Amino acid sequence: MSTIVIGLSMGMLLFLLAAGLTLIFGMLRVINFAHGSLYMLGAYLAFQMVSVTGSFWAGLVAAPIIAAIIGALMERIALRPVYDRDHVYQLLLTFGFILVLDEAVRIIWGLEYKQMYPPELFAGAIEMFGSSVPSYRLFIIGFGAAVSAALFFMLDRSRYGMIIRAASGDPEMVRTLGINVSLVRTGVFSFGAGLAALGGAVAGPLFPIELGMGFNIIIDSFIVVIIGGLGNIRGAVMAALLIGMTRALGYSYAPSWVDFLTFILLIGTLILRPEGLFSRKGRTA
Amino acid sequence: MSLLEMQNCDVFYGKAQALHDVSISVEEGEIVSLIGRNGAGKSTLLKAIMGLNPIASGKRMYDGRDATRLSTEMLGRSGIAYVPEDRRIFATLNVDENLRIATVMGREGAWNLERVYDLFPRLKERMTSRGDTLSGGEQQMLAVGRGLLTNPELLLLDEPTEGLAPLVVEDLIKAMALINAEGVAILLVEQNLKVPLKLAKRQYLIDNGHIRWSGKTEDLLAEREKIEGLISL
Amino acid sequence: DEPESFKIGAVLPFSGPYGIIGKGMKQGAQLAIEMRGGEVLGKPVEVTWEDSETKPQPAVQKATRLISSGAQMIFGAASSASTAALQGITEQRKIPLLVTISADDKITRANGYRYTFRTSNTLGMEIRMALEFTKAAGLKKVYGVGADYAVTRDGWDAYKAAAEEAGVEIVGIDYPPLGNRDYSVIIDKISKTDADGVILIVTGSDGVTFLKQAGQAGLGKNKVLFGPVLQDEVLAAAVGPDAVGAASGVRYHYSLDNPANKAFVEAYRAKYNEWPDSFAGEAFDGMSWFLDAVDSTNSWDREEWVKAFEGSVRENSVEGRKEMRACDHQALQVGLWGVVEKGEAPYPDLKMKITNIFQPDVLFPACEE
Amino acid sequence: MNAIAEKNSILRCEDIEVSYGAFKAVSNVSYDFKPGLLYGLIGPNGAGKTTLMNALSGRAKLSKGRVFLNDQEITGKSPHARTWAGLGRSFQITQIFAEMTVFENLRLAAQAHRFRLQPFWRPVGKFKEIANDAERVLSEIGLEGFGHVNAGSLSHGDQRALEIGLALLSEPKVLLLDEPLAGVGHDVVETAVELIRKVSQGRTVLLIEHNMDVVMEISDEIIVMLAGEVLASGEAETIKRDPRVRTAYLGEEE
Amino acid sequence: MNAQRFLALIVAIIISVPLLFPGGHNIGLVNAILIWSIFAIGFDLVFGIAGMLSFGHAAFFGVGAYTLSLLTMRMGWDFLPALGAAGVIGGALALVFSYFAIRVSGLFFALLTLALSQLIYIMAGTKLRMLTGGVDGIAGVPRPDLFGIDFYDDGNYYFFLLALFVLALLISGLIRISPLGQALKAIKSNEVRAEQIGFNVQRLQRSVFTISGIYAGVSGGLLASLIFYVGPQMLHWSTSGDVVIMVLLGGMGSLFGPILGVAIFEIMREWLSMQTSHWYGILGLVFIICTIGMPKGIAGLIIQLWDRIMPGGKS
């Protein structure tokens, strides 16, 4: 029973880490390898806010906002000129972003580990089903659910999501309808960057805040995105929970096979449903 | 005053010139058609009007103002709608969304979702299908419907009847007449000459990137022999 | 003929996962050279610092260039993989390789690498320290968590056998993958057992993550968390207050009470205005010792240096007596064990307190073969 | 045409069905196509014409039924295997190699037809026969001067011509043409129709077209589809008079 | 001289630095460039010609390295047959990958290959540690023992690598202009049409994927012998990322572009890291500027400049 709660929290955490990537990947068709770096930046920014203001919540709010501004700049300056080219050039760019962001973090905060703690409100552990579950984990479940609901409404239901999806296929045609595609794209990238940082801020109290922290999560995030189906927020939530549960069970019974299981799940999905568990395919003729 | 005026426009693809010193005008509320053989430059001109092809030299006047420098989205917002020859349906959006996206900018006018569905009942049946699963003709209907839903002052139609069944073509001709009667100007490109001859009061003949002839439809029919020699219609 | 200068090629991680290590090593080694007047064999010492990126390929590529431009020795990488790769080239070129941080036992094996010398700890000895600690702390039931790779598995097997022999009950063992980020299920599992001690054979970020998450679940309240290389001051700072009470092997510590160390710490603080971490201390110690050995030969023949270093004894190292064993080029030394406690100025907020010092004879098995 | 070929069918489908979810785009279609005839396939938009063609050429998966080419079952075979078996097609939505020249486009089709294994030890320019095939078709489709033009920068109508040319190069016994005249200039419709006539010599052609004048004129037999099923089939005159076809598709034209 | 020849000349100059300046300290760097170039040339067959973005080539590269190391060190094979086996195993693994991955296209292909190669990476680091030495890898990988030449001398090894590099370049050049290369370009351009005119798309994609796996396996084996070491790092997806970057930087789909990309990448890494400790960030800026300013990579830029300076001399 407690495994389920923990699995749920692991899944939601994964979702929060991957949400920004899903968004940018699904909407702009950009594989944002710098997602991990933005996530790391979010953690450092949150740490900084916490050490200045003493409030976890200040960090949780400020880090995404600052990262979103940085994301907007990245999009305006670098990404915008290459949309018309083959998608792979965006890869090169985002690789460049990784190096630049990492360097910036190194210059600003140095190499030492930084730390953050859960807010007062969620500091202790709660007895549940005979286990003590850290209440911060419960916070993550709730927070993840809220973020996913918000994203779901933004993307699948609203006209905003419609524009983004249309523009990912044929931006020119969207322009003829009088819609400012560039602005929308900047918005999406910036929002995705903010989400990445949000993930970092939420993860801060759980993981060491260090330079390499972004490098590791990117693969996890990819797995969520793939299993969920491109840019499909509902799919991403489902996938994250599925992985969270799988991992929780894995840790209970065979910890050394956990990574393995995750990949088997991924490869299995891709073989059975190459487009991901939650997407549909079009026709070609 | 003309609604749209293109003055002495040159358009290039790379180094190749596709339009030479082209001037055309569309008056408010009229139907004008542009005819010419394959590769004459018709689509190129429509795209240039819509800001999708840069105008190397020349001027675009819209609503009495110089619109040469306006971007595609500004032109769209000021009331020009474009129905491209290759339809360009949004593949990942369903039929309903493909239509609704055209209403995002919220221009007031006579067209709304219901009217489009009345015009093309087939679209209503396929409302929840993704754009890229539609048949060719369904996509064509959708492209026209999407153009209408922006409630334009000027509608650029590039071969709108291509791939449509005869019955639907009839409906579309009626609809165009109706749209026009409601005050929308139309610039029509067609291969199927029946349609422009029936609808348009004025014609432009384009060949090899040059406007070779322009005038009333009656004159076109009367001077047919001469013009045929000119551009081998 | 004698070269103009004594060239040292230093290939250290200044970036990548171990990037944090490079700085301390560089400062320690620099100080070692400075404190001997910047000279060896009567010639100025010239060090070229290169970034190994914590990756084997750049490490070897840079070492190759350093050697071909006349480096007399290589001062080596931090990760075991990079070190192993460097050993390939240094053995090939017959250039001494000084290792002061990598702990993999294989790096110094009997009749193994002629040109490799390690002056720092091995993981094997650290595991044995953990065992001694288990006994000293009177733990009865122990649960194990080890990062899933060969060295830890071997270490665990050794620990388990010896612990069981000493009457300690082994409750369980889990091997989550290296670089694991979520220990919550394992922590929950352990908290439901009646183990009184948890041995964590993990290091770096993995250890930090575990301790952070264990702290939130309150695992440390009734169980002793300890491990061979679980904590030092850098890592404790990353964990925060939840680290207090965690016990760990310590490679070097500035609080060691001996004249050599006092002099070193004083000079280090004067120069860099910070406490030397274990990377700095070990680098200082190894570099000083090696250069002394070279100096003692009065020769530019590298074979002479190898011979001189082999079997040399350093009575006054910063960690007390050290002896370079000839059979495997591993320095025999005492083992330091400590626990994280709250510190006050001028010390960091969290500091290690050395609680046990184990003697070499219980930590190093005899050289096999 | 000998007597046996008259009797046998060259392409036959038995009760085929294509469904997308609950929606049946094609159902209950059984038809025998005789060698050497030109079939016109008409019907309202969305009736399932293209989908039927997809089913025959292997692009759409059958949920039911079987397809035979020359009495060989080809159900489930991939499109390229069907091409080798003698089935060529053009697409309603132009499918060309846009960033290559027109000549390269044609040369590729010729190469695909000539080699099963693509040799890698000789430059492609050294294979004369391929270049000759390409040149021949280039003039057949009336794009002589355009060999060195990038296919993507051809006008829409010229791309349609290239589309047919690509299908021709596989020397198909059965040729499926999906609205080849769509977008073809008024002045060249005659030429295009001539081209279709010419290429239909000695092969079976299935032609989807909304240009009724053309279909009625050149088809030997006409098949009308409605809502995924075959509504009627027969000679042009019969079809023209069929009231069901008039209400569903043709309208009350003068 | 046309632009292509000019490019060839630049490449020739870079790789003949050790001949032009014997006794320099850059021979290790040039050797690494030769090896990575073989990898990149093979990778570009898949990436630049067939248009398949693979993020799994690290697997073939790394497996080649392990194959060579294990066969020479544990089985006592000679170097050359072991190198051949590295290529064969690299190619075979690529073939296996292709059966899984070719079912999907575009970004999914990239991600699926990435996932498969990460699986290999995890296996090598943990479950196969008896064979691979786990995360610590295997040190002491040998170099060839041929004609009594001491290939442990980097200067001599250079010639061995040069010969293989030239061979790899020739084969790739031939493939590009052969019917196979054309067919692959067709598939990249329009898969639907390619299949309809009779190309067996999947088989062709599998073939080129396998060929490039062979390139990767051989180059991986060579790298292991160059640095006397093989470890799971070579299998990590970031190795795939490196080769993608190199090829993009140099210019995908061109014969010499990938080589230029490799050279620039390696030289910058070596040179910049000597200049400043902030070299990482600077390298990142260079990537960004190159992407924005050079739509066709360095090779594209050079061709453009050449055509501008030498008008009329079009290739």
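Lettered A, B, C, D and E in written order, each chain numbered from 1.
Assume contacts are C-beta pairs under 8 Å (C-beta built on N, C-alpha and C of every residue); 3 or more make two chains touch, one makes a residue touch a chain.
Just so it is clear, the structure is predicted and the values come from calculations on it, not from any experiment.
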Lowest number of touching-chain links that must be crossed from chain A to chain E: 1
Per Cα centroids, the chain farthest from chain B: C
Intercentroid distance (Cα basis), chain D paired with chain B, Å: 29
CA centroid of chain A to CA centroid of chain B, Å: 43
Centroid distance [mean C-alpha coordinates] between chain C and chain A, Å: 36
For chain D, residues that touch 2 or more chains besides their own: 50, 59, 91-93, 95
Interface hub residues of chain B, defined as touching at least two other chains: 133
Touching two or more other chains - residues of chain C: 148, 177
Chain B residues touching chain A - in the complex, by the definition given at the top: 50, 52, 71-77, 80-82, 84, 88, 90-93, 97-98, 100-102, 104-105, 107, 130-133, 146, 150
Chain C residues touching chain A - in the complex, by the definition given at the top: 16-17, 19-20, 23, 148, 174-177, 179-186, 188-189, 191-192, 205, 208-209, 212-213, 216-218, 234-235, 237-240
In the complex, chain A residues that touch chain B: 159, 162-163, 165-166, 168-170, 172-181, 280, 282-283
In the complex, chain D residues that touch chain E: 57, 59, 78-81, 83-84, 88-89, 91, 95-100, 104, 107-109, 111-113, 115-116, 118-125, 127, 166-167, 169-170
Residues of chain C touching chain E in the complex: 14-15, 50-51, 55-58, 60-62, 64-65, 68-69, 80-81, 84-85, 87-89, 91-92, 104, 106, 148-151, 177-178
